[in-house]
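Each of the two complexes below includes chain A, the first together with chain B, the second together with chain C.
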Partner chain A sequence: MDGNGTSEILVRLREVLRDSAVEERDWDAVAPETTIESLGFDSLTILDVLYDVEEEFGIALEPKQVVKTRTVGEIIGLLQQHGA
Partner chain B sequence: MARRVAVTGLGVACAVGADVETFRDNLVAGRGGVGKLRSLDTSALRVGIGAEVDADTVRAGLKRLRRRPTDRAVDLGLVAAADALEAAGLIAGAPPHEPQPVAVVLGTGAGSAESHTTGHQRFHERGVRGLRPSTVPRCMYNSISAGISIHFKLTGINYVVVSACTSATNAIGMACRMVRDGYADTVLSGGADGFFDPFYFGIWNNLGVMSRNPDPARACRPFDADRDGTVFGEGAGMLVLESWDRARGRGARIRGEVVGYGESSDASHLTSPSAEGQAAAMRAALESAGIEPADLGAVNAHGTATRANDLCESQSIRAVLGAAADQVAVSANKSYFGHTLGASGAIEAIAALLGIEQGLLPPNLNLDNPDPECDVRLVGSEPERLERPLVMKNSFGFGGSNGVLVLGPGE
Partner chain C sequence: MAFHLRVIHLLEYWAARLLLLGVDLLPPAAASRWAGWLGSLWWTADRPRRRVAISNILRAGVAGDPAAARAIGRAAARHMGTVLVESLKSALVLDDPDRVRVRIPDDVQAVLEDPDQGLIVVSGHFGNWELAGQWLSRYKPVAGISRPMNNPRVQELALSRRPRHGFRMIPKYDPDPGRFIKLLGDGEILALLVDQHARQGLDVPFFGHPAKTHTTAAMLHLVTRAPLCFATCRRAAPMTFELTLSPLIERQRSGERNADVEAILLALNGLLEEAIRRDPDQYLWGHRRWRRRTE
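The block that comes next holds the complex of A and B.
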């Protein structure tokens, strides 16, 4: 996991999270340690995140894996595992 | 025993105001909000005008609620609901809010139209893969009432009434009965519609009921001999209805009263109105209010500026009011903020309540040449004193649904 790759994925992921969110917040402040729960996602809206992540990065994720993630950094890790 | 129904909060978001004071001032000053549509490419359409709510204003309203835009009708509904609930003293400041047993009963004509159109576009482009998981909850018509219930933590029942252009008036009627008959102490009622999208605006374009007047400000002309159709608008209107005694008990400012409600179905034609059906709803409303036609100060008309509506509505008003129709002023507001479909009854009921509060009727914008076939007493081009503080609010929808409110003063 290289630093540049993480930050590039983070920038794209912020966009995806913002587009799926209902709540308004400072999306530029979203960091790898930010928890998914603190962003206001619930069991429904997280499905949109999963869908949009797959669209944005062109990969297929297992819903079970995504539901287990607790932080933005963990989603980035999952994306990198899948070759993003 | 029936309880009196107080109105303790008002909220509006439409082309002439996204707050109640601006809305009221623009009405009295005769300032309309119809213009060339900015949010929609109308190059392939016959009609390119409408009454839009300023996008920055909606964004700012949502930001105050810490929300991102989701669907136009939901967004407009949330912004207007926040103002109504705040004015009623039921919420203060930003979320999270404490749960409270308030019901949400709203009207909508096109529901979450934007979400429907987006979903269909993606489906046709990419098949089922194009559909986001949240398409179901976004496309539910009750996403408007549910979104408001969830955001403000209102734990009474939430649902929407769908009856085309009568939706909000039917919803307020339902809410009125809930409070009057003791099924709820407080109900947030009203309506929301936002349908300036290629599909929904396109189907109205093809129905051929919209004005093709090239001058937007003069296009919507209810009861004018030179009218050539209606002009559409987007918007939301919200009213907090609560039992009079409860409102008094908690020291709320009572801004008006829902004195009566009547309804009927034409049972005749999907789009052509029936004077008999409309008259039945008006008579039922007067009976429910326990008043005579001569007690009315004004009728806030459905007044769509289509020939079919204006002729039929003036006949039904004349039939119900009889000789009193020579005195009772007829006011029509759609020339200001367009025909907002399922929200129109709520936005116009708010206009009527503000008129009662001020003792003033706004001018009938664009009524330059009153149609001699419309045998009612129309408000002219200047604001007029409201002689008696009771206003009948008419709404008539495709499908033959008729809803009529009688609104009165607060204290």
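The block that comes next holds the complex of A and C.
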């Protein structure tokens, strides 16, 4: 995983999370090792986030792959696989 | 829980037990009539709910005056009683091909017959919506997304009694963010009702008036690209139904989330309105669909 690319994607991902999430939290503290579970999304709120992530990066994620991810770093890896 | 609420829940629980006793003792036709009578009794006794229903019927424009609205409301209350009984005795209906006339467009049929394809099926509190879910589970497992009942005792009783087949209820808010996405990915059917007040939903016209509407079905379609259709299960005669599925509803993403969601919800609300206009006495009018913002 390219370090610089990862950092850039992480910054953009934090912005998406900040805009999409209903809950207030310190989104700047989100790191690659942060677990998805700890971000407080449920089965409904995650849908808004996924839509916005796809629009931000201009890609279509495979839902089956997305649900397998456990950390923000794995999401970043998935985005990189799709050319983000 | 407040003392008066505990008492109300206990009374509701015993009323439900009484209803079930009647259902068990009587043959289906008599049980339906009995439940219809109980629905009519409920209409007479529950004044606040009756006022909501009459107001909703008039606002929707399916009745021209309060007397006509009251007649529709009473018939709908009777209908809801029979829905409960016919859901409890659904095995009789589901096992008899003459009891359910089905209309499924080719594109939806192809999805139902593909074990790898998930499907989002949306309906409203019209006809016998639960029977629709149970019937469709002959193709693939159906998960009905629902809000738990306000009365946990009645909820437990209802879940223990309803015939399930391949149909099960799952909670709307699941702490596992990927739950619904996984079910669709596994080729299951997700069944949702679109006509409950959604505090955090989107304002979408329902009978021409803005109503806070759940976005879940639309968002699932947009995010997972799973096919989406609308279903009604109209009661044609005692223990006899017409299950109709719409052709697939498709929406290409525009990049504007709310615009995409609104377009889908408008289509779904339109199909529900069409069904209700045809049979207004088969709709649950007592739900406060058009609440003020502060409620």
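Descriptive notes on the structure:
In the analysis below, the second predicted complex is superposed on the first by the 84 of 84 C-alpha atoms of A that agree within 3 Å, B and C clash if a C-alpha of one lies under 4 Å from a C-alpha of the other, contacts with A are read in each partner's own complex, and residues count from 1 in each chain.
The rule we apply is simple: a contact is a pair of C-beta atoms (placed from the backbone, for glycine too) under 8 Å apart; a residue touches a chain by one contact, two chains touch by 3 or more.
Please read these numbers as outputs of a predicted model, since none were measured by experiment.
By the touch criterion defined above, A:52 reaches both chain B and chain C.
Once chain A of one complex is fitted onto chain A of the other, the partner contacts of A:41 are limited to chain C, with no touch recorded for chain B.
Of the two partner chains placed by the overlay, only chain B lies in contact with A:23; chain C stays clear of it. Once chain A of one complex is fitted onto chain A of the other, the partner contacts of A:67 are limited to chain C, with no touch recorded for chain B. Shared-chain residue A:82: touches no atom of chain B or chain C. Once the two complexes are overlaid on the shared chain, A:14 sits clear of chain B and of chain C alike. Measured by the number of chain A residues touched, the leading partner among chain B and chain C is C.
Applying the stated touch rule to the two superposed structures, the overlap between the chain B and chain C interfaces on chain A comprises residues 22, 44-45, 47-48, 50-52.
Contacts from chain C toward chain A in the complex involve residues 172-182, 184-185, 200, 215-216, 219-220, 222-225, 253, 255, 257.
Only residues 62-63, 66-68, 70, 132-134, 137 of chain B touch chain A when the two sit together in their complex.
By the touch criterion stated above, chain A contacts chain C in their complex at residues 22, 36-37, 41-48, 50-52, 54-55, 60, 63-64, 66-67. Across the complex, chain B is touched by residues 18, 20-25, 44-45, 47-48, 50-52 of chain A.
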